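Per-chain numbering from 1; labels A, B, C, D and E assigned in written order.
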């Protein structure tokens, strides 16, 4: 079974006292890096609390003089995209409606397929698996038009269902890869024991494999969720008006070239739109790293 | 009206700012007339809008009408059937009041399939009142020499960057097309609209590149790829003095809370002292639909778009001028700038100095335009490229993109 | 072994759909690259004309050079950054969980947002340079974003910021799975921390390094959203990248055929990276099987 | 009735022949132990019997029915794995009842079977725990329980004790043996451990390179190893083997070690009629370490006094319970197990008693047992 | 001179006391084996001696120098790990010379040392290989080589053979022993394997729960285990222990098992003066399985005839080399090791010979050895 590598102690068993000065240096470097990594987030958060004039008068980087909480209200339900002045709220809902089902489907199907490929060898499995994982590398731009034609032919153009379908199928590349790499480490004897017990393909998956899969499912869920949530190209092309995902609304806000920039509202909208994925990383990040370890390095 | 309630599906790129406001107002009018207004603004860039249009056309589900302009109307009309608007245009007597060059673009095969909505000139010169005061200047420049002199004056008056333009691709294109058309509208027409090989390598185009370099040097290099709107506050405050831009900047200025008397708008510099008009017109193309309600909606939309009252309302929001040349701009709600633009158009048409904007995709199809803008923007951003080199690169780009 | 119908459907339908869409989409693109398609796909045959046009265009040449520079620099630096962070975090330091989250969170943010925010920060007029000027150091200059020679480096910076956490996570996992006895043996042998890492620990991280390099390379090759939001290929066309060129040709310039040709060229570049990797994995797998 | 009967079974992986024509007949109630070095194909054989792998050739009959094409669950077998293969996410109770659940056994019946087995194995207090909360021995017991609830025709054990520590292994070994005696099940048991093989089996199958070398009861395997491989594989320390010469002497055949050397050792043989044809030829002599003891040892049940030889001592290893001595017989190295109190000095020469009744002779060419 | 001397050493992890005041003095040239159940702190002790861990309390002297604050590389030690801990990316040659490289030994000298060690361990042909290309035994040898090039004051071995299979383990065991005899190094050796402990050690330290239970030569540990823990831990099968009563009889003290039962067993003791004060009290009697044999066995070196008892047989386990019998002495279970030919019937009653010279008595309260 893949072991949780990130959990306990580790590292060089350094002797604590003799390294005192170099430990100070380590903390210094780490702190500097952390500051650099946090900087963009901090800037956006600060700007989301500053009025536009304030930003224009100084720079993008600065402490808010008056907390402009209004930016959030405006971003959430105020600013206008075309005739609708509903902020990004409805678009958040759309994103959720696309992201949640697509994440669930691609994860579940990927888990079943990864399980089949890794634990139930069948003829040609390596080829199929190889091709599917190559999908990770196929550029998005190449797929836009073919998808258009496919969606037209199956009558799903301009529907959220179509987007869910696209993300499910494309997501399989990732989920199959990671699930397979994870399941490969599960002892085959478990499957054998279950077969002797009389369990079939699905019962083994459902009762034995799935309960063991939480580390990798967390990884795929996090990965799929953030990627689908952040996706923009398909979202804009294949949905219309009030059905568009939140990334489209963000672009509308930031790419409005014919307008004076509203950095404050824009920042607030960025924060709100990124909140779901940020929270997922905040709470799931530790499992993410653990599962990534189990699923990636093979 | 028939039994069906007119309905209109439309896609456009206008989602925010004064453009958004104007299209929204148009929608209100449409609904007042009993229609159902289904507008999908596509956020992002023109490309995204065209992707969407393409996707819908490929899917066999085009919108009843969509934003499209210039030669693209002709190109796109070949890939899907469009609506013949001749009857409704004739009924409105519209043809007489539209500039002929413009009309031609909207009836590529001889029939009206698209309707222009508003007109801009991309080479209007915005002068900051405070900037002018600072430079102790009171006369707007007429020729490029005047312009250059004024810019120098402003610079010595303490403005580090007298010109407030931005750094986007169309912005760079505008710097160049304004220079070129101002130097010689004839050469401009020959080179950029007709792609005449000799004109493409002529002395005028080289002079235009030289002038473009001057303008670029007066712009804030730090603007990067940001739009001119980033600079508007500095422009109004008099930290920057001039802006070469289309009339739409008025809408943006208004939206940002600035007043009409903060700045002056005059036609862009023209070395023969007669106004040069770089025509940029937004338009709607109408796609064939079988549904009765959509067809009714298309007719209603066409009537609205041609209606002087609607055009007035629309232009007053965005800062453009109406397509109809018979609209009276003397009334309330029109700015001096708009009046001057309208007058410039009239003069330019009269002296055959109204040309189509390259930067805003009016002169050539997108592919060719983009190839030319590549050369121009690289030239603007790289002062090591000499004008003669730029000329030959532009000619090469035209050659390979054709 | 898989005999029953529901199993068959659950396994094969998704796998085959996924494989089929990849294969058919690729073939479709290759086909289009030989047609005179412009606005929409049309049949026809123009031979290699689209390819020669793309290869001759300045845009593609710049994009290709940029890809070499960006790809190398980005992969190298994100590798180094990730490794350095992993090594530092491996020193049993306090607050490791918090730090790990900090280094990872950029992964959660969309490239569009990343590009936009970094374009603010790096813009000399409103970002870091302005801040430093306002603080009184007027001669400070940090205008890479608008400097056509340096602009590509701003993309490198933003890309590293966004994805070095991924490298860090993998490296950290690798470091944590190194047998502590080996490190102890090195201590007894008298190796200091630097020698221990350099000679003993790091060489065991090869497989992870290769994985990281491949993942980052594919990111570099297909980098798109980030560049579009950060520089959009500018200043001028100084930061063009193949993915941008493909998108531009296909959708902006209405030259589908050429866009498809560029896409196929991109695929070839990807294959040039992936095939050696696949071969390496194969050889390694064989060797492991024999050991 | 034969519980299991295997005919001409072979298994090939790509170009590797793992099993080469195995024939085995196992009677109902037998405890068959499969031993052999690592990689000889024990697990492969077990997996084929279980139906987890397909044979390349040959037939397998369980309880008189050819099962080559029968899926594992319908073969009426139960299997215990080396790693136990307990389902990590299920409680002990669920682990044990999972098979019944799959077969659709009624709830009440499941409970009854579970209660029986839990009582038998004394794991009642553990039923609600997860495998991760169990010690090694407890896990082993649960794995047994999972097999036992099934009450199958055939139990298959693949090194079930090898993950336990020495003490626990001894205990569990006894327990399994008692269990076998109590429920009279038919068992095939794979192990690396010879003590396990010797003490548990009713019959031992020694495998090597995909071939069954010998299939007989433990005493026969130990006393009359079919060939040199079996002789050297069974027993620890293993049987001493050395080249020797068979000569004819007045009283009968004599085997001579280091013939012609000053310290040659001559051992008279009794009852080795089968070796008659080898007189005057080279043979391989095998003698178990416990048949070489201190000079004053009286071998239990011996008719006459033992043969006494003096030999140089090379190394002495007292293990507490006995002393292992490395000596030289006619120049050939051999190990002896002598009384724990006796510690010959390395380098010196001491006298040893040899139990010549249990000497084995092998053909040096075919390596087969002569007598 | 004491090569290693440990005083009042203790180690605490958070609230877990792993080592509790260890005192050990190891002479130069000794082969000390550390045994004890898993988790008793053996590795911890070794790591502290090596300087890889810090003691919570106490002092460590190596070669007469207090080394508590000396880093591992300056302690003049070498260590062999259970996992061998070979550097995977270096060749065998580099693995062995890495330490010298770190210490800045001249190239020529490195080569000489390497050549010596490689010859000693017969790994010359392997020098260019990577560890992954070596078999288990070869890896073990390389790990030894890495320690040997150092020629340190003290070798530390942490279960160096436990990853090898049984046969190889026996061979390597002998090799290490010979090596020790040849180079006369001071060695501390951790193992789980009692045979290893008994055969290799000059002294054994038995640890339990962070305390050294007994530190003595192997014979003493086996013959006179300091307490019940040691008695039951050493030996396989372990010493039989059972409660008994010490009584005074005409000829001296008598220990009675199952006093008052019809089948009570009375064993007269000779030379157990220390037990005098326990007469009339309960004791724990310990008797090794090899001291219970078949009825006609003559124990080597015994003065008189052995004590013969008849006892019921419960289970018989023939291992080939001997037969292990589970019997009942005065109702208490005990194991006997009898001749391999003899197979008492389970359930029947047979006579056994007892070697009463080696009986141990323990205090039931303190569990310490009385005599």
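Things to note:
Definition applied: a contact is a pair of C-beta atoms (placed from the backbone, for glycine too) under 8 Å apart; a residue touches a chain by one contact, two chains touch by 3 or more.
These figures come from a predicted structure and were not determined experimentally.
With contact taken as defined at the outset, chain B and chain D are each touched by A. A comparison of the B-C and C-E interfaces places the larger number of contacting C-beta pairs at B-C. Mean C-alpha position of chain A lies 16 Å from that of chain C.
Centroids built from CA atoms put chain B at 40 Å from chain A.
Here the spacing of chain C and chain D, counted between their Cα centres, is 58 Å.
Counting partners per residue, chain A has 13, 144-145, 251 as the residues that reach two or more other chains.
Under the contact definition stated at the top, the residues of chain B that touch 2 or more other chains are 51, 54, 58, 230. Residue positions of chain D touching 2 or more other chains: there are none.
Chain contact summary for the complex, chain E toward chain D: residues 38, 165-167, 170, 174, 177-178, 192-195, 198-199, 218-219, 222, 234-238, 288-290, 294, 296-301, 315, 317-322, 324, 326, 337-342.
The residues of chain C lying in touch with chain E in their complex are 179, 181-182, 184-192, 195, 199-200, 203-204, 206, 291. Residues of chain E that touch chain C in their complex: 47, 50-52, 71-74, 77-79, 81-83, 85-90, 98-99, 102-103, 132-133, 146.
Across the complex, chain C meets chain B through its residues 38-40, 53, 56-59, 119, 123-126, 129, 143, 145-146, 148, 231-232, 234-238, 247-248, 251-255. Remark: chain A residues 56, 80-83, 144-145, 148-149, 151-152, 157-158, 236-238, 240-241, 244, 248-249, 251-253, 255-261 touch chain B in the complex.
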